[in-house]
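Look for subunit A in each of the two complexes below; its partner is subunit B in the first and subunit C in the second.
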Partner chain A sequence: MTPRRPIAPAVLLVAGVGLGCLLVIVFGDVLAGRDHRAMNLDLRLAAPLTRGHLLGTDELGRDVLARLLTGLRWSVATALSATAIAFVIGTTFGLIAARRPSIMGESMRLLTTFTQAFPPFVLAVTVIAVMGDAGFWSIVLTLGLVTWPVFSRVVYAEARSLFQRDYVLAAEMTGMSAVRLYVRHVLPGLIPSLSVLVVFHFADMIVAESALSFLGIGAPLGAATWGAMLSESRGYMLAAPWLTLAPALAMVTLIVCAHVFGQHLRNASR
Partner chain B sequence: MTAPVLAVSGLSIRADEQVLVPGLDLTIGQGEILGMVGASGSGKTISAFALSRLLPDALTQSGRIELEGRRIDDLDERGMRDIRGGRIGMVFQDPLSSFNPVRTIGSILIESIRRHQRLGRADARRLAIETLAEMRLPGANASVDAYPHTLSGGQRQRAMIGLALVNQPALIVADEPTTALDPTIQLQILALLRRQAERAACLFITHDIAAAAAICDRLVVMQAGRIVESGAADQVLTRPEHPFTRELLSHAPGGGRFR
Partner chain C sequence: MTVSVLRGLRDLVFVLFATMTVLFFLLRLTGDPAVVMAGEGAAPDQVAAIRAEYGFDQNLMSQYVIYAGKLLALDFGASLTDGTPALEKAMISFPATIFLAGMALALNLAVSLPLGLWLGRSRTGALRRGVRGFITVMQGFPGFVVALLLINLFAVVLEWVPSVGYAGPATWILPVVSVVSFLAPKLIRVVEANTWNALTSNYVRTARAIGAPEQVILWRHVAPNALLGAIALVGAEFAFMLTGLVVIETIFAWPGIGWLLVQSTLNLDFPVVQAVVFLMVVGVFLTNALTERLQVLLDPRIRVSAGGAA
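Take a look at the complex of A and B:
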């Protein structure tokens, strides 16, 4: 047994933020204390710490905190789902290609090159435009379909090297089927790098979704998302800077935490 | 004489246009150890893998392979999986890298047992322990739950031979089984192989002609994918006819004086 490494303070912080996010996701409405859609035109652009509005209100008198917490839910839900889709497509494809590099490997290379030849953002915008309606599933599917090569490339490369390991060959020499070979010997070897990749990809998806929302092609019109909040706050940046700062800082915090967590995972898996 | 356990005729292996093994003929009888010696790159290992039809994608093989009187060169993949580990057991060169580092020795053996024999988990475990004990692995009861890195090189190779033999195969293919071990352990492992090969046919692949001399009944000498000399081990070692065999012998420790 190797001795346990002491837990870094940063990790505790990240764990705290993660737990906080989880609480917000589950109890968001209760924590915000009010409906994020409720407008109060008498109380527009109220500063933070105004009575009843911890983070102030926006140009329509909507509570910023309530919108922020609702936005977190949206961000995490879309980022998780998009990561899951990219993970499933990319990993499956990468594994199949690694098993038969001559046939499947070539077609995977073609498809990934084709997908990655377009700037991902332009591709995402195009796909959403073609799909027509903006909504949860169109965003999630688009992000997943545009970014799966990230997974397939890593899985392909790692699984190929795993397949050349003597112990995989030795297991095949005991008469195991390809599926069992994957499940028992190849997949466990992929867990360290895949888990790190998932965390980093999640952070990327948060940014990507916010960027789409910022452009107004992500969430449905009027939805409280961080990207939409940033976009709407542009006109009031000097008069009401908290409208910009709140979602921006929230996003930075979440992404930094995801990266710290990912780094920790990466170090732990070495 | 009874029919040979393994009969190979015209086995050829090619990579695209390049022919690596032009046509190999081999027979091995029950209880016999056939030594295949030759320099690195002479086609020994790929020939061994071709017997189990486990060549890398880039290589293709053709030729007739008969195991226990049954053709296996035209079997489908499902049929071959029953052969691998069931009728052919393979001992690899490096026992450390040939065991999954995150799995116990026993779990690998049990997996193979349950793949080929109708045994429950407890019975398979018992058989795994029995097999390890038979391989003279000290403390077989504990070793079954040991991870590969906690065993010594010799112990690992004993476990590897146990894995190859656990389903009582007709053919044992040992690919450089002693190369990664130190000399005293090498002798023990050779003795173990010699003893275990009694009940099967054994193809022993090595570039170490001294190891081959120690346990083989017959020898074939390979050079560039071809058998350049074959015959009874004594004869090949004491009266080599092909210049390449003489060269191999002259590089062996002791100047090639065996037996």
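Take a look at the complex of A and C:
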């Protein structure tokens, strides 16, 4: 038995933040103690720690902490869903192409190039127009449809080499059905790199969602999301720097934790 | 060589055709530009007149055929907002983006190459660990968040530099630093990993065994290999910058192609959007092709395998 490696402090930190996020996502508004929509025009741009507002209030007197926690829910939900869509599309394409590289490899390459050349901003605006409203599904669809090549590339490359392994060839020769071959032999071989990819992609999607919301084509108008909060904060940089700092630091913390977790996962799978 | 150039051209034509076609139909879903052009409170017959003038009243397929025909002659039509040729409008804003991308590239290389080489030389040491931790944290900062924080500190609070615009070196600093802040960590990591791999490779062990001085090993054997491996990433980062600086350009009111894309999309200025996307695709494609050529030229291993394949 190999001796257990001591748990790195960074991992403990990440676990703590992850647990905190989970609590916020489940209990949300209760933890903030206030409604994130409640305005108080007598208490606008109040500094942190003013009258029970731990992180102060914004230009409409809304509690920044409550908005931050609601924004976390939104960020995690959109990022997870977008990652799931990209994962499903990318993995499916990658697997199909890896099975028949001579026919499918070239078309997948072209499709990937095309997808990466297409500007996400235009797609986002289109999806919003078609769906009639900016909202959860328009963002998630846009991000998923734009970013799936991240998964298809890795899956294609790894599955191709898996298909040439002796054990896969042997299984194929025994007449195993294609579906069984995928489920039993190919997919398990992809799990280590895919799980790392999912974690990093989740972090990227947090950034992408907030960028779209920042540009005003992500979250619905007035929603408490980090991107929207950052965008609204621009008018009050001198008077209320916490309006920028709070969502910025929250986002950075979440992303750094995802990265550290991803790196840990990568090292563990080696 | 000729084969690969021809194949590249075929790919470019395919991607351009696919992009421009999908773009055409998607843009028609975003809204009716005639309503925007007529302005608020315009009478229905005014809107209809504009529609007829620009041919938006014809059916979609015949509009597409006309569009595709003009596209072959690189005719994107006139901007719906000010009547100037759309391609010209896009061409005018492209240099600003290339300029920003070029400065960011230069700073990125100047920071990342030495830092990556230094980090890769050893796995231990408190200073190195500190720098690595800093890079991990920097990797978590999205470019536009860095931009906002920099503006907040250096433009609003300290008032050292202007917060927005494109007029002289003082206005260049914050956009360039913002872009480099999210490009550099990746490049540093790659150079670091390559340096470490080179240092632990057989050829370095051989060089050590025959008594080559450490400086010679570093500059003759390690650095070239570490840097060659980073070319692909540098190319990809440059290609990304040609299309991906939408938010940074918007924040800094930088009159580049990303900014123009946002403006023209929101104004439903279809000809300009189409011209911008066309230039972006060509730009990304050329960058990728040049990166590949550069790798083949500089790296004998790739030169041999590419020559064998072609």
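Operating definition for what follows: the second predicted complex is superposed on the first by the 252 of 270 C-alpha atoms of A that agree within 3 Å, B and C clash if a C-alpha of one lies under 4 Å from a C-alpha of the other, contacts with A are read in each partner's own complex, and residues count from 1 in each chain.
Methods note: a residue touches a chain if its C-beta (ideal position, glycine included) is under 8 Å from a C-beta of that chain, and two chains touch if they have at least 3 such contacts.
From a predicted model like this one, the values you see are computed outputs, not experimental measurements.
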Which superposed partner A:Trp242 touches (first subunit B, second subunit C, both, neither): neither
Subunit B versus subunit C as contact partner of A:Phe121, first or second or both or neither: second
Subunit B versus subunit C as contact partner of A:Tyr156, first or second or both or neither: neither
Contacts of A:Tyr182 with subunit B and subunit C, given as first, second, both or neither: neither
Dominant contact partner of subunit A by residue count, subunit C or subunit B: C
Contacts of A:Trp148 with subunit B and subunit C, given as first, second, both or neither: neither
Touching partner for A:Ser102 - first (subunit B), second (subunit C), both, neither: first
Which superposed partner A:Phe87 touches (first subunit B, second subunit C, both, neither): neither
Subunit A positions touched by subunit B in one structure and by subunit C in the second: none
Interfacial residue positions of subunit A with respect to subunit B in the complex: 100-102, 165-177, 184-185, 188-189
Subunit A partner contacts - residues on subunit B that touch it in the complex: 52, 54, 57-58, 81-86, 88, 90, 92, 94, 97-102, 108, 111-112, 115-116, 160, 163
Subunit A - residues contacting subunit C, complex: 110, 113-114, 116-119, 121-123, 125-126, 129-130, 203, 207, 210-211, 214-215, 230, 233-234, 237-238, 241, 244-245, 248, 251-253, 255-256, 259-260, 263
Residue ranges of subunit C touching subunit A (in the complex, touch as defined): 11, 14-15, 18-19, 22-23, 26-27, 29-31, 136-137, 139-142, 144-145, 148-149, 151-152, 156-157, 243, 246-247, 250, 261-262, 265-266, 273, 277, 280-281, 284-285
